[in-house]
């Protein structure tokens, strides 16, 4: 399997864990210093000086998972189906992380309604044995900057 | 071409036959004991004790194809466009069949309206020369369990 | 990287240029005698005897790019996100061009609204160093023949 | 506002006005005057096995909860909190000890009475009385069941359920007689299919014996071929193909199928005598029945075949195919149909398996049969949408006995429609 | 309900009220009083080459079928079955011997008369009369064609088509004169583009000579540059770029373009004199014409250029660019535009090729020109959506001769609008 | 049409009728009688830094532009061209010298007056007068700002902004006092979140101290756990988790939180005393304030915590968390909420960073807290959608002092609602 194919497979497996609701195993893919970031617009560079659609460290990701599983959480369950494509390795970040770019579309089915999300994804991956861990997952939604209803699920 | 790439190519070709309306050639991809199954919910295990969105053996698949081509069939034609992704080989079934998992989205254009379908697909493949035949195609729709309008086309 | 993988990567990079608004670099991928064609129905063979949704030579493509960038263009900006899949090399055209078939879905975000487009794509590619140039890009939309609102962006 | 007089004029001998299918104001009246007054089917007792079991239901667009009480009785409550009106239950079914509103945690007994209010002292001296029904999940005025089939009425006054159902109950009796243990249960999940047409268009197709060989030709032809040519169907699929092919009856055969007309708009269509199944499992099952009823009665009840019995306006039962269909109007041009299957308790698995195959074949969203029906319903709706031509003909079979080739059942439905719609509120 | 008096007040000298663009009740009136009364364009005879050829059409939201009868005449029928109202024809065009309703297989002759009813004995003694037009696909009251262009009116009374069209027919005559064989045909498919604005906003832009150099600057600039800089355009694209660049006329030039005003709201805008095409194919074509008409007449008719002629309210013809545009209102804020191209029968292929390029350039969904127009139409609709400011100014050019720089044609449209809308039903 | 009398009856002591949340006609009245009359918040002066700076705003569904004039004043104009009504400005914010309509290039001064008209001679002798306000972008009747917070009223008559805001201004004063430079600015972008419920349902949740520990349990539980267990949060995330966990206050604590009631429907809820931040940056900031105000006043103003202050009906300010929320009704069952953050000019970056974290946590579309709130709002809307049960109870705390455990603030809102809705137009 070429390296790019291996990376693609890694992204597919990551998405599958979300779609199957295997949040713990998905969570385990992230480094301790990871960030899950959905900027409020594609040009956003600083999560501290502008609001973000999501900006979560592992502790906040963990809390979100906790809510998604809480028996009294409202407006759930949410079922997702990710389609990942256009996977491209794009060199290394200053810290050596492998930079991977991809595009996705995700169908979200919640409260008997189907919605479509999509956009660009950038992963920063750290080698971990014969696989990787995710240090950064940045999702730039096609409709970032628009009006949103609630976004409960991870992209 | 790696094995996974070959399987992916097989799934692309399968989808293309549907999108081009080459139903006979698509039908020929299935074994005589094949099943085309769209469960009514992702946890469904038994098509005999619960209703299914589709549960078809070759004879019923053949009848559906017959209707799709019938000059007097109403609410037709339907045009589809499949996007297949996240293709992963996933070991072998007890009977030795190759298990392949993928995700898809399908745009359906019928009666001047565009609809989107998507979800998870599991193929059970039997080696056939240097290609495969399909013994099982199971499609778990993202919105399984919801309210549907008519589903005429194969996913 | 297998040849098909290289071609796929080429299509991903092409799409990314559009999604990033790098229209000049995208434009540079086309040959001087290139055509960008979106037929008005899948069976259309002659752009001169039937109207087309798009039928552009480099000069018209260039003019469209000019408008997309014009400070006074209305109903802009438009943001797109392409998902490219089912990439298959399909032999050579009479003139020797490499024929590549794929499927796509594109989310278009314009005027605070998200729309979905998709269908089949055929590229005719000319070898160019260790990459290619595009002599023909034909996009058959799933909803060709239907009613459209405006189509400003390239697919 | 449409006056009763104007409404009465919309239904005339031999014709009805298109507005009854297309006017949103008429639809509002239908909800208030027909669905809110009639006995509407809302579920089956087998869906409420134990105390606290509940399912949701909808009548005239009101959200309801049907729940089994501790004393075994069944209550039907408005799914609406007595505090600020929130929908109390979001799940389609489940089990509770008491209902709890997610907003401020008011709790309600299974009879809908307010049970507890956090920090109730906040209401001291306001005359707040927890026994006030208006503060609970208000029960609907009337609930009754006929041998497990639960109906409710949103109006306090009116005929009893038995009087309402009248002779249609025979369909239910027959199903129960066919159950070795004398019990039925809802099983196997449910289809929910939305059609883009007025609810009456669905009802008016219910016993239409003229359309099958015409509308369903696109599925009849391949099904007939499929029963002859390869690929060889599995037994289940052979049965399914047979069901599809069975739509290809001659006009003569259909003209021989009586459709019975009952008060309140109810109707019933006979089915063809099913060629007795010959497989060993069926014979064993038949023996069970004989043990229970005796040969003569079994012969009679197995030959007493009903295709569909309509409990106007809310549901129909396909007695022979063991299917319940619930009609839920959503808008003047949108209707939700729920399809449920019934299991004969005690009967061999193979019989229920057939019921599942039949539901998949006849009413799944992918049904080869329904494709053409639903397309037709939408075309009827679209054809009547614009003004210019105002009347729909309903004269077929006006002078003949009622059969599946007559529109007598449609006239019977509209007679009830007119009575409901013009009866003083 | 809005009274006629109130409606009359919405159109005043020099201004109109925003409600004419935004009020759904006004829109309903427009359908019943304008579109249902006027002669509306529904197709061209070339689309109906042989007996049984049909196309679908829409007037005032009524679904219609336009069909060539066996005797060569053209009938326009309501696309609605006389039985239960189903839409009979779903295809947009095709050919039939007779129409067949898919529900119960009633068949209809191409004049709409009921031809056959399966098992008609079911109607014995009901007074059912197959010759009753109400049981057929009812023809519209009036159909007429002017030299191949078919119009229909949903009202029995009214002026003749010739009187209705009046001087606008010159545009049609001119196109026919340009056809070497004296015939035109619809060819090359059709664009159907939906705009999110009231139908009148489209019409009011039709002859607006002030907006092009403003609204279309974003396409004019790159088009002008494109004609100078590489990449070198193909001849077709050079022509397309020229068309786009041509929007950049000076105000003076536009002020010199007369817009003629006709009764019934019709209007016509002249086009700039096209620099005579010099390619050999064109010269050959010109010779053909001279052979047919003589030099003098050819010189005159080729210099007699019309940009657009509006058949209020339903269509416009771009005579010089050989394009038909059909305006189909769907809702108060939604309008469907159909764009068809016309072929001069007998003319060289290259001319029609130009027509296709022009349609692609000027009115495809991807048109660089229309992007900005349609965005503007939506912005006009959005700007008027809320209350608070009630009047729209229409005074430009009130004292001047009518040119493309005057709003005279808008006032002319509203004069007709007011007359239709207040005329007793 | 609903009469004022009928409207008055919808609000009664201790209850309100469901129609106030579900009837589109009532919603139309609310736009015309409440939103068009009240002073509505439309932006902050810091969003208009220089001459020509503009932002868009919406009141009662009217599109507006708020612009800084050359003289420094602020004008609020209808975003509508005086010619044909086009929306003049499409960008949500920007800077201009003058406004230019994209259709015919009429230009408007920043005070809305018509500045130039291409080829104006076309209006000679028509009485066209460029100084006619009807031809400009008409200014709204009244605009005023309180210390940078801009409000507008669509009605010429009425109380002054100061009288309207009354004691609510203290919240603004407090924020300004906390700013070392005595200035606030809008920064960090904006969330725009749509909820599927009536605008009042959002307002009625604003000070609801009973629901947090109930509705927010699904986020409180994991947040509390998160503060104890690994993974170890970053300081920002620890703060965020603290904010989420803080919803888990006891009823006693909430009952101790006063909610103040003001004229015109305004209300204010106190916040818990924030444990003084101890990090060095905060201490440095505090020193800045002491330098400006003196120790005593700083101690007072930092302990003077307000959770939310409601400027009925259009906005609320979360003074302590430095957040503005704007309520924009779109339809009877749809409301857009805009969330903006405020920066204390001169304060250390870390403070604003906290403001951003708080906005992300408390009101982003992905907010763990808002998920459950918004789901509840929709369930309240859905629960009230159907008829059958007509009244909503509002009696809680009728005899008690107003706290977050009382519905006094809801009654206060409805007292204002009733006054606005029944006051002669």
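Per-chain numbering from 1; labels A, B, C, D, E and F assigned in written order.
Criterion: a contact is a pair of C-beta atoms (placed from the backbone, for glycine too) under 8 Å apart; a residue touches a chain by one contact, two chains touch by 3 or more.
Given the structure is predicted, the values throughout are model-derived calculations rather than measurements.
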item: If a chain touches chain B and chain F alike, it appears here; value: A, C, D, E
item: Set of chains adjacent to chain B and to chain E; value: C, D
item: Repeated interface matching A-F, over half of the contact pairs identical, chosen among C-E, B-E or A-D; value: C-E
item: Which of A-D and A-C has more C-beta pairs touching across its chains; value: A-C
item: Turn needed to bring chain A onto chain B - CA fit, degrees, nearest 5; value: 120
item: Inter-chain centre distance, chain D versus chain F - centres from mean C-alpha coordinates, in Å; value: 48
item: Rounded Å distance between chain C and chain D, as computed from the means of their C-alpha atoms; value: 50
item: Shared-contact residues (touching 2 or more other chains) in chain C; value: 2, 5, 72, 74, 83, 85, 105, 116, 146-147
item: Residues of chain E whose C-beta touches two or more other chains; value: 90, 102, 215, 372, 375-376, 379
item: Topology of the chain contact graph, where touching chains are joined (line, ring, star, complete, other); value: other
item: Pairwise chain contacts under the document criterion; value: A-B, A-C, A-D, A-F, B-C, B-D, B-E, C-E, C-F, D-E, D-F, E-F
item: Partner chain E, residues of chain B touching it in the complex; value: 72, 74
item: Chain B-facing residues of chain C, complex; value: 2, 4-5, 42, 83, 85-88, 101, 103-105, 116, 118-120, 142-143, 146-147
item: Sites on chain F touched by chain E in the complex; value: 32, 36, 60-63, 78-88, 90, 102-105, 118-119, 122-128, 134-135, 138, 154
item: Contacting residues of chain E [partner chain F, same complex]; value: 14, 18, 21, 204, 210-211, 214-215, 251, 255, 372, 375-376, 379-380, 382-389, 391-393, 395-400, 405-406
item: In the complex, chain B residues that touch chain D; value: 32, 38, 40-41, 47-60, 62-67, 70, 72-75, 146-152
